[in-house]
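Order of writing sets the labels: A, B, C, D, E and F. Residues in every chain begin at 1.
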Amino acid sequence: MPGPIVVINPNSNQAVTDGLDAALEAFRLPGGPGIECLTLAEGPFGIESQLDSDSVVLPLARLVQGRPDAGAFVIACYSDPGLDACRSVTKRPVFGIQESGVLTALARADLFGIIAIAEASVARHRRFMARMGVLGRLAAEIPLNMSVDESARGEKTFERLVEVGGALKARGAGAVILGCAGMARHRPGLEAELGVPVIDPTQAAVAMAMGTLLAG
Amino acid sequence: MPGPIVVINPNSNQAVTDGLDAALEAFRLPGGPGIECLTLAEGPFGIESQLDSDSVVLPLARLVQGRPDAGAFVIACYSDPGLDACRSVTKRPVFGIQESGVLTALARADLFGIIAIAEASVARHRRFMARMGVLGRLAAEIPLNMSVDESARGEKTFERLVEVGGALKARGAGAVILGCAGMARHRPGLEAELGVPVIDPTQAAVAMAMGTLLAG
Amino acid sequence: MPGPIVVINPNSNQAVTDGLDAALEAFRLPGGPGIECLTLAEGPFGIESQLDSDSVVLPLARLVQGRPDAGAFVIACYSDPGLDACRSVTKRPVFGIQESGVLTALARADLFGIIAIAEASVARHRRFMARMGVLGRLAAEIPLNMSVDESARGEKTFERLVEVGGALKARGAGAVILGCAGMARHRPGLEAELGVPVIDPTQAAVAMAMGTLLAG
Amino acid sequence: MPGPIVVINPNSNQAVTDGLDAALEAFRLPGGPGIECLTLAEGPFGIESQLDSDSVVLPLARLVQGRPDAGAFVIACYSDPGLDACRSVTKRPVFGIQESGVLTALARADLFGIIAIAEASVARHRRFMARMGVLGRLAAEIPLNMSVDESARGEKTFERLVEVGGALKARGAGAVILGCAGMARHRPGLEAELGVPVIDPTQAAVAMAMGTLLAG
Amino acid sequence: MPGPIVVINPNSNQAVTDGLDAALEAFRLPGGPGIECLTLAEGPFGIESQLDSDSVVLPLARLVQGRPDAGAFVIACYSDPGLDACRSVTKRPVFGIQESGVLTALARADLFGIIAIAEASVARHRRFMARMGVLGRLAAEIPLNMSVDESARGEKTFERLVEVGGALKARGAGAVILGCAGMARHRPGLEAELGVPVIDPTQAAVAMAMGTLLAG
Amino acid sequence: MPGPIVVINPNSNQAVTDGLDAALEAFRLPGGPGIECLTLAEGPFGIESQLDSDSVVLPLARLVQGRPDAGAFVIACYSDPGLDACRSVTKRPVFGIQESGVLTALARADLFGIIAIAEASVARHRRFMARMGVLGRLAAEIPLNMSVDESARGEKTFERLVEVGGALKARGAGAVILGCAGMARHRPGLEAELGVPVIDPTQAAVAMAMGTLLAG
């Protein structure tokens, strides 16, 4: 068995890393690859702006270079910061959660929707999907208009998720992506409520990483 | 834990099913979803023509309807026959190996290539990728020009895979998909030889199915 | 002169076939190709689901194989079931009415709209148009929300057609396709009411078939 | 029955008009629309340059305005000069032969090819297909490198057509369009030789025009 | 230094030419290329219809041919009439203001919007942008619903520009193009009001022309 | 007049900055915006890898933040590093030379080609053009296979530029972009040799910046 899947939370909010860890618990199977969740010490407390996103690229690449024992990497921030940089410094697979989340959604529905945290990230995500060439299958991306931290704790988060998810369905989305690393615990409830697949992008990326490692 | 991943070989060649079974052995983990490989009794011995592909659609849908215990389904033929039909008769996820293989390749490289078995399937695959909206990222698809059965046994298969894989790389492919359900055993060797990720589409689909089931 | 244009109604509702026959009466010209309208005995009473559509593929291919005297074939169901299958068993031209309707609309306006019968068919049509590569010119597809049978008889059908056609125009459609084999008798009235070209897809397919046969 | 289909040869080479007339003879059926082939008096002897093409726009629009009795118009030059102008001055349908030829090819094959007369027209055609949104389905366009007049008479034309048609097939074309108004007489022979549908664009446009008029 | 940039107003409304002249005053720099604004004598008073647009193509080409001393040309009508014609008769660069305006907007924002004068021009512009291949980045085009002349003088023009510009922003436009040659004087005020870049297309074209000439 | 155009060479090779300075000399006009060429002290000696490109993002953003007096910025490296970051920290326009070069090429030809320095940058450029949505108009990008430094000095550079430029023309390119900040001095000679427009991307970006500033 190759080394573990190293899941990197590029912000320095340990609560987010803990949430990732919990969301991935079910993916840790005896005989399967290990899953290690790390907090990027150099990261900002939350990645909310373009500059926040750019600020973690080099630290991420260094972290990847410092883990020759890893089997695969997952960058657990929905802006996929440093994806190209990390891929350029290792031959092992590196998965971005935005990319993996979108690709996984494409396996579940003709059109997909995204629940973003903040308005500001929508344009950043759009640019990345343009580069992927998948905008033709995007129904819409609608922000919760909450901070990452708020959305991670807030009591009204679920209510707002249902509201935005419903708006995405009304625009044709047959699957919905949680556009943030920190909302996995709402996934099953939201899926039940909306009646369409709801995808946690970190789980999607880890599943792809597992597939790569199990293939041998 | 929900029911098993039911992997259906839509042709009636048991050797192909056995090959799938072997290729998925590493994906069977304690505590993880079961993986059951079935041969579609009504299928032709090989799916080589459009009519072969169309002939299995209704039997596949019936098989899916007859397995309310399953957690997810994988249609293990690279033409993805019956994908829409199966999805229309169940709320559980149904993965086609062509679709999953392509989406997984998109997580590994900007441009991907496909090694088809026979010339005749190239146009069929192209139509499906057009529908997916991903032709902009296809470097090329090149056939081995062998029958499914030949390729499954043949001694010259690996040699030919290396040759075609090299031609795909020369056209810009940064990842290569084995465009058939029956070539998984060549995957590691071919990846080593080519130096770019080589994707077995059935493994890719099973990894996506596992991700869905483990997410709960 | 080659053999007749064989227009196949893939459902077993003879009233629909009779409607086709009437709609094509004007296309039967002395010295031109014959036009024969057939009911597919094996078809369901209406093609409303994906499974209905898939269920007629093999019977359609068999029917085509059994008519070596035909000059061309038209599959007269807006889901274009069996188009690939039929094309794979004959060298004579096979026209699907969805495909022909869309292509004919593209000769009349920059953006076109579609009046579907039921909500359920919209996604199926979208997948086909994605494969065709023409979604960039689709203004919208809006369903009547009636069954095929209802729409074929109902008195309120015309009223509803005008309403949906008007909504399509408001979204930019410069031509409107009747997204069903059974609404040709409303075509002239609807065109007069809307003031933009209204296309009956079976007539569009038969015109293309005539063109092929008259070219010699 | 509405008025005739007026087919306008926008160049002043009467031999080309006569060729059109002959190519459309089979489309004149008792009880069907009349087909009238006209030479645009103001046109240049051949339309080979962008300026030639632009020079006929206003005369074409005037001709259209002067024929209130016509049922439909066909502009029989593969550059589709004046298509927008003519459509803006009449409510009756106006078909361009490039547009109609391409749309008809799309009903016959996934990928199509075009045999152009001269290198200089390839870029002009490409711009028009870009506007149509169909470049994703173009296999290739290859010029004969002959003048319109040469190609209309020349003895080596057929030989060269077979050569270019073969090259288009080798690049994936499943249907071939004669990219000129004056080559219809080679259509049946070339189709027999190549084994794929060969489309004369004027016949394609007239078939679409007939369909519109016969629909009533 | 090569010859001047010849900016051609293809309509015969001298007030529009004078407006262009004023809008370009700041672009006339000592040592830089001269900028000459001409009125096309043969042009209609305003270019509002397709036929108006087509009517100026040949006169524009003749004007270009008659100015061998020019360094570059700008066609200052937002429909870019005669762009292909003019380019075919000179080796010197010819810029259309629609094309230049759109390309300049693409350097300022992911999605752009257009303020058209009249509804009738929206479809014409859309066809040109389809040909350019940039529709994927168009947020929307919304007309002022005024005549060119009205918009050039009217007191309510600015009010209406702010209204339409706001609507474009609401649809995602990060930059706004004034879709007419005659609205440059509103540019700075509108940019200040909207808070996103506002592009006068004639200034955009002249800047591109300057770049070409200064490069030597 | 607003502040100067600040052109930033993100590598620390002063010879490259000096080359930029020389290439922009003709753009400095009395009464026009100043043009200041800076070397990014923190930059690597050459930007050849993804990591080199990522390493300058934050220093570029800081430099931009530290120049509130500037009128516009140009990032003079063909990978457009830090474009999003810089745009996020200032309201003044920021131009990337890749983006500006491509957009300027689109104003000169239907299809454009790019001469890259090294093979390694081709994929990076492709990803950026995918994001721009302009790959449909790319004829090809072909590398010189030289280092930035070599290409800046080498005597065989021009010979190789002509060779690669010719190959791009053969693939349909009607305009050619020099895909590097350091080759402007070859532009006029190469344009004369190839007979199609050759675009220096830094000059293209500065022309766009001038246009923005002169518009007021």
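The working rule: contacts are C-beta pairs under 8 Å (C-beta built on N, C-alpha and C of every residue); 3 or more make two chains touch, one makes a residue touch a chain.
Protein names from UniProt, one per chain: A, B, C, D, E, F = Aspartate/glutamate racemase family protein.
These numbers were taken from a predicted model, which means no experiment stands behind them.
Asks: Shared touching chains for chain C and chain D?
Replies: Touching chain C as well as chain D, we find B, E.
Asks: Could you tell me which of D-E, A-C or C-D has an interface matching A-B, in the sense that over half of the contact pairs are shared by residue number?
Replies: Having compared contact pairs by residue number, the answer is C-D.
Asks: When the contacting C-beta pairs are counted for B-D and for B-C, which pair yields the higher total?
Replies: It is B-C, judged by the count of C-beta pairs in contact.
Asks: For the two copies chain F and chain E, is the contact made of the same residues on each side, with over half of the numbers shared, or of different residues?
Replies: Mostly same residues: over half of the interface numbers shared.
Asks: Return the distance between the CA-based centres of chain A and chain F, expressed in whole Å.
Replies: Comparing mean C-alpha positions, chain F is 33 Å from chain A.
Asks: Just curious, how far off is chain E from chain C if you go by their C-alpha centres, in Å?
Replies: Centre separation, chain C to chain E: 43 Å.
Asks: Taking each chain's centre as the mean position of its Cα atoms, how many Å separate chain A from chain D?
Replies: Roughly 52 Å, centre to centre.
Asks: Indicate the residues of chain A shared as contacts by at least two other chains.
Replies: Residue numbers touching two or more other chains: 127, 130, 132-133, 136.
Asks: Indicate which of the five shapes (line, ring, star, complete, other) describes how the chains touch one another.
Replies: Looks like something else, not a line, ring, star or complete graph.
Asks: Which of the residues in chain B come into contact with chain C in the complex?
Replies: Listed in rising order, the residues of chain B that touch chain C are 49-51, 54-55, 57-58, 61, 82, 84-85, 87-89, 124, 127-128, 130-133.
Asks: Under the definition above, what is the set of chain E residues touching chain F in their complex?
Replies: Residues of chain E touching chain F: 26-27, 29-32, 93, 95, 99-100, 103-104, 106-108, 132-134, 136-137, 187-188, 197, 200, 203-204, 206-208, 210-212, 214-216.
Asks: Contact residues on chain B for chain F in the complex?
Replies: My answer: residues 110, 136, 174.
Asks: Given the complex with chain E, which residues does chain A contribute to the contact?
Replies: Touching chain E from chain A are residues 123, 126-127, 130, 135.
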